Amino acid sequence: MPVSFLPRLPECTKQNSPRRRARWRQGGRMNAHQPQSIGAPLLSVEGVTLQYKTPGSLVTATYRVDFDVYDSDRFVLLGPSGCGKSTLLKAIGGYLRPTEGKIRLKGHEVKEPGPDRMMVFQEFDQLLPWKTVRENVVFALTASGRLEGAEAQERAAAYIDKVGLTKFIDSYPHMLSGGMKQRVAIARGMAMEPDVLLMDEPFAALDALTRRKMQDELLQLWEDTRFTVLFVTHSIEEAIKIGTRILLLSPHPGRVRAELNSVPAEAMGTPAAVQLETRINDMLFGH
Amino acid sequence: MPVSFLPRLPECTKQNSPRRRARWRQGGRMNAHQPQSIGAPLLSVEGVTLQYKTPGSLVTATYRVDFDVYDSDRFVLLGPSGCGKSTLLKAIGGYLRPTEGKIRLKGHEVKEPGPDRMMVFQEFDQLLPWKTVRENVVFALTASGRLEGAEAQERAAAYIDKVGLTKFIDSYPHMLSGGMKQRVAIARGMAMEPDVLLMDEPFAALDALTRRKMQDELLQLWEDTRFTVLFVTHSIEEAIKIGTRILLLSPHPGRVRAELNSVPAEAMGTPAAVQLETRINDMLFGH
Amino acid sequence: MSETLLLRPEIIKPDTTAGDVQVEASLSWFERIYGIGAVRKAFILLVLAGLWEAYGRWLGNPLLFPTFTETLTALIDNIANGVIPQRVLVSLQTLLIGYGIGIVLAAILTTLAIGSRLGADLLEALTSMFNPLPAIALLPLALIWFGLGQGSVIFVLVHSVLWAIALNTHSGFRSVSNTMRMVGMNYGLRGLKLVRLILIPAAFPAILTGLKVGWAFAWRTLIAAELVFGVSSGSGGLGWFIFENRNQLETSNVFAGLLTVILIGLIVENVGFATIERKTVRRWGMQH
Amino acid sequence: MSETLLLRPEIIKPDTTAGDVQVEASLSWFERIYGIGAVRKAFILLVLAGLWEAYGRWLGNPLLFPTFTETLTALIDNIANGVIPQRVLVSLQTLLIGYGIGIVLAAILTTLAIGSRLGADLLEALTSMFNPLPAIALLPLALIWFGLGQGSVIFVLVHSVLWAIALNTHSGFRSVSNTMRMVGMNYGLRGLKLVRLILIPAAFPAILTGLKVGWAFAWRTLIAAELVFGVSSGSGGLGWFIFENRNQLETSNVFAGLLTVILIGLIVENVGFATIERKTVRRWGMQH
Amino acid sequence: EVKEVRISKGYGILYLPLIVMEDQKLLEKQAEKAGLGPLKVTWLMLDGGNVINDAMMAGSLDFAGTGAPGFITLWAKAKGIPNVEVVGISGLSATALWMNTNSPNINSLKDFKAGDKIALPGIKTSLSAVVLQMMAAHEFGRENYAKLDPLTVSLPHPEALAALVGGKTEINAHFTSPPFSYLELKDPKVHRVANSVDVIGPITLDVTFAPKKFVDANPKVTQAFLDALDEADAFIAANKQAAAEIYVRNAKVKTSVEEILEMLNDKDTRFSTTPDGIMQFADFMHAAGSIKVKPKAWSDLFIPQLASRKGS
């Protein structure tokens, strides 16, 4: 099903979350010809400040971040290294509690991790070293109660094939290269076919070709199941390709710089995409 | 000092290493107006096959790979995920012994690791967790006997500043984001100012801006000290920007696909660079 | 830019397929023999036995420290007449029960400890208090609760293995990387399931060390406990065998008993634990 | 494409600077108290002391198992008259010597083990053979080499701590990630320096566990060994104190001695090891 | 001759002569008298016969007091091994071992049934174990000497006492020596079933011994030791009160001097360097197979100086 975008709406500045939300609703009401589609956001992040408290220091990773993710969004978090993207994703995953603000999923506050929000971590050690590639994927499916037995095996094999690791299906993680490990994690995340997929720089360790293949697989999967994905990346090009909506974060501590609409995947390479890339570039690196 | 390139020489195909080397010398002799510059290669990799032997299996990572790296080369290894780039780099680092072939540095076979070949690993856990950012860099300098005391401290601080982590100079690695950890490793590698710097996808975890900054720092350092660098990357663009010479490896097991000259850094964005990019693209993904 | 660059032609190779590589077998005779773990170990054992024999002979005090050959003879005699096998059986049975209970209790304690702060404090407090306590501290309670004989010996055994295993396991659990833990929680695993499916395998090297230390201390304690707690004469395990023979100054029998402990230790290590290691932590790349 | 997208305006925020964030202090009274580790531990200790007292009273057999208060009174008396402090000093001295030697030997063995395959085999063989051996196996050699008294006690002490520490350290070394090892070798570190500067800190959680287990077993062994190897009149440590009082049926003194061991254990754990942990593995993020 | 001797003593009344000897520095005096010059005497407190044996064979000990059966075993085993041979120096003491019980149903050795548990320290060659076997041999016939063995459990005296007096454990009898035997009978629930002296006579239970090597090399020190021991025995016989005080002071027991006096005054408690009834042990142990070499006469076991005395 082809993706269609309306021309970008005029941008509006906003100072704080309550006001933004008000205007937002207004905007919604203005486009009242599709009122049902506004709905409630699937995930709402409201004024979230995230901090790491260590005995010696207090590091603020993100500061009063607001955004809403709607059903079937492909929401990209883009920002400089150390701006708190991973931290934000972990908070949404339920691993961290905000010091300030609230994270709500379907209206309920996020309190703990769960298989409804499948996470692909940035770290290479996210595979269970005592399980082979296949077992790693199967275990995710069975442990979370998603699938059992032969079904799980089949689904695992299918997704491992998608990431091109069928040859290594019975290898243990320590026998894989960095990129291969990340691909297993991607296969695992996608095989879970979760409502919300949280991906933290999943393609960073991949070469251009493999990365392109993985991106296409992700988009294809999205076409098929219309899950919601939150995707962290540091590649602007990738953000535009993967995302329908892009959140730009400013450097440490991460604050919302802008929230932009992307162009459809088909429009990659068109002037619209190039223009968007330039805009993002300017915003991030402009000063 | 500006970098100057002769126009690309006609490519020559070669079947096996001895023949290639013969032709190579010939080529050198043909350009006899600069005979002193041919010299012996700093690093020569001759028919190197690398294998991992585990109880259950034997994985061939690279198969009869030949190439020569000359003094002050910026030599890039480019290839798909899992093709053996890291393995090759580890073998050059002296951590792995080839099953076949020889790796020679300045004519001596590489037998063990040493601070003359400083390595920036692909893994995030390459920092010593019990040392702060500063201590990690200082320790590399002092442990390898490169610098002592205040000098080491100064140099460490300078390079940490170059990678933009002065604010985090007294943090422990576990308090850093993925990209920040990699930057510390880069600072450490560069601070060592080694004869040969081996870098394994050092910029993979960095956002576009930081990556660009790091690339520039690397090139600047090269301008200053003219070390030799072996650089693994999976970004073609980066390969062209960083490299003076680019080795293309074919997929698993890695074999030499081509060894190309790059364009000068100033030429980035010019048609020459774009053309090279297309060529590499075609070679890697063409079939 | 170094001039060499100017001279270098580019190289393009046609796509080749990799052939087969023969791993060179140029190892010397010595290296190949040396490469076999069993040979190295056997060599070490032979050297140790030789040292023992030499020292024993030089000492010339068979009542205090018999030679290796005397001990071996005594061992063979006692195996032939069935005494040692029977005693070993009794001891092994007690040992395994105590060891097993110790493992279970350690599992419970560490699970509690990883589950809540109070649990962790409990484990820490109990370990730091009870681990240094010698068996005599338990004697009165053992007498009251289990009477004499196997029950008490098992009680003391549990005391000797529990804390070491719990300490190792707990420290192993705490060393599991946050990422791994998060992965498990991501699958919805909590509590016992998280421990069983994620923490135990992830901390397996540490747990295995705990099991090894625990195993060794179980033996030590068993031998000592059989003396302290007494068994009705006639029954009893290897410890009792050693004690009896010691009282009768049958020193070579005493050492035959100890040699049995050593041999069992070697078997358990090289067959038991080594196999487990090979099939788990080695295979998983968690130990090098 | 879901229609919601169509409706959403873009958002651009001017560059703002982050303000200060007040960490909310909405913890309840209970939670705040519970958050203090010392309070939780004190609570646990109180409960244990209460259990002891209650059971002791219910049992009503002060000869076998005195109550907590009786023990505490005896402890205070013996501290007041200077007996226990003096005995503790003697014991601690012996203990520290034995423990220290054990650590040094463990360091040597594990360094050898990490340096060569033969070394590793040696460590494995020695550990699997000697670790399960009870102290009586060492008695003859101890007597020949060191005679009666402190020397022999230390010898036995070393035997009891060496293997546990070596096992833990070795397993810790082998669990150090390859990357970390490669980093060390990259700096040109080899052998002892690699062990000291890379492996020891990297394996510190495991080593610390080994030290804890070793410490506990040193105590246990010390108490037992002091009886075996005897004392010259007047001297003697805590073990001898316990033994003497046992023979004199001063059970509350016996338990006062054991309570002293417990208290020392608590202090060493909570002041010694806990501080080390806080300053090392916790701070380095190697344990959670 | 040596300038230093190491002597081990043990716990309990049976070691009183050695305790007096230490307290009064009798050996130092005798050595001085014999012209040996100042002799350094190191006293060691050791628990249990095994360690004493080992220490002696290892050369860490010169004189020791120990139970007669243990000594006989070591003597028999070591006979013919040059470095290891030991020789008795003297008898030390004799006392009565009592079988106490807290079970009203048991009034003689015959009343013990399966399920009863008799606590005693050590087994087989330990003093208590051998004496009990000898009593069983008397009671049930020579070949049934081991009849009670299945009921015995090895338990140190203090724990056994606590178990017997406190009840609540399966131990219902204890074969023991003073002061434990006396203390137990203070409890109304406990009564005496048998007294070893009644069955096998007032034979010497503890002896002192030394490595033969040492005795051969140091005849004068050995003689001084024997003389000192004689002197101690004489002292005890003459000053029971003072001896009791010495015991209380040295053993740091809380038992009163009166209680110790009561034990000293017991007709079954005797201190003498002349062995009495040692051959009873030797014969019995040989018959039971515990020793393979049997001394022809009691004097075989001891130093020649003793041969002239009227031992047995």
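In order of appearance the chains are A, B, C, D and E, and numbering begins at 1 in each one.
Going forward, contacts are C-beta pairs under 8 Å (C-beta built on N, C-alpha and C of every residue); 3 or more make two chains touch, one makes a residue touch a chain.
For each chain, UniProt lists the protein as follows: A, B = ABC transporter ATP-binding protein.
Fair warning: this is a prediction, and the values are worked out from it, not measured in the lab.
The chains that touch both subunit C and subunit D are A, B, E. Pairwise, the chains sharing the most contacting C-beta pairs are C-D.
Measuring from the averaged C-alpha position of subunit B to that of subunit D gives a distance of 46 Å. If you average the CA atoms of subunit C and of subunit E, the two centres end up 42 Å from each other. As a whole-number value, the distance joining the C-alpha centres of subunit B and subunit C reads 45 Å.
As a whole-number value, the distance joining the C-alpha centres of subunit A and subunit E reads 84 Å.
Each of residues 123, 125, 175 in subunit A touches at least two other chains. Multi-chain contact residues, meaning those touching two or more other chains, occur in subunit C at positions 61, 64, 140, 143-144, 246, 283, 286.
Within subunit E, residues 54, 57-58, 156, 159, 162-163, 168 each touch two or more of the remaining chains. Taken pair by pair, the chains that touch are A-B, A-C, A-D, B-C, B-D, C-D, C-E, D-E.
By the touch rule above, subunit B contacts subunit C in their complex via residues 1, 3-6, 8-15, 20, 23-24, 27-28, 31, 34, 37-39, 49, 51, 53, 55-56, 60, 63-64, 70-73, 99-100, 226, 244-245, 250, 253, 255-261, 264, 283, 287.
Note for the complex: subunit D touches subunit A at residues 1-16, 18-19, 21, 23-24, 278, 283. Subunit D contributes residues 34, 37, 40-41, 44-45, 48, 59, 61, 64-65, 117-118, 121-122, 124-125, 127-137, 140-141, 143-144, 163-164, 167-168, 171, 174-176, 178, 181, 205-206, 208-209, 212-213, 215-221, 223-224, 239, 242, 246, 251, 258, 261-262, 264-266, 268-270, 281, 286-288 to its touches with subunit C in the complex.
The part of subunit C that touches subunit A in the complex is made up of residues 177, 179-180, 182-189, 193, 197-198, 201-202, 204, 280, 283-286.
If you check the complex, the residues on subunit A that touch subunit B are 52, 54, 57, 59, 78-82, 84-87, 122-125, 167, 171, 175-180, 183, 201, 204-211, 234-236, 252, 281, 284-285.
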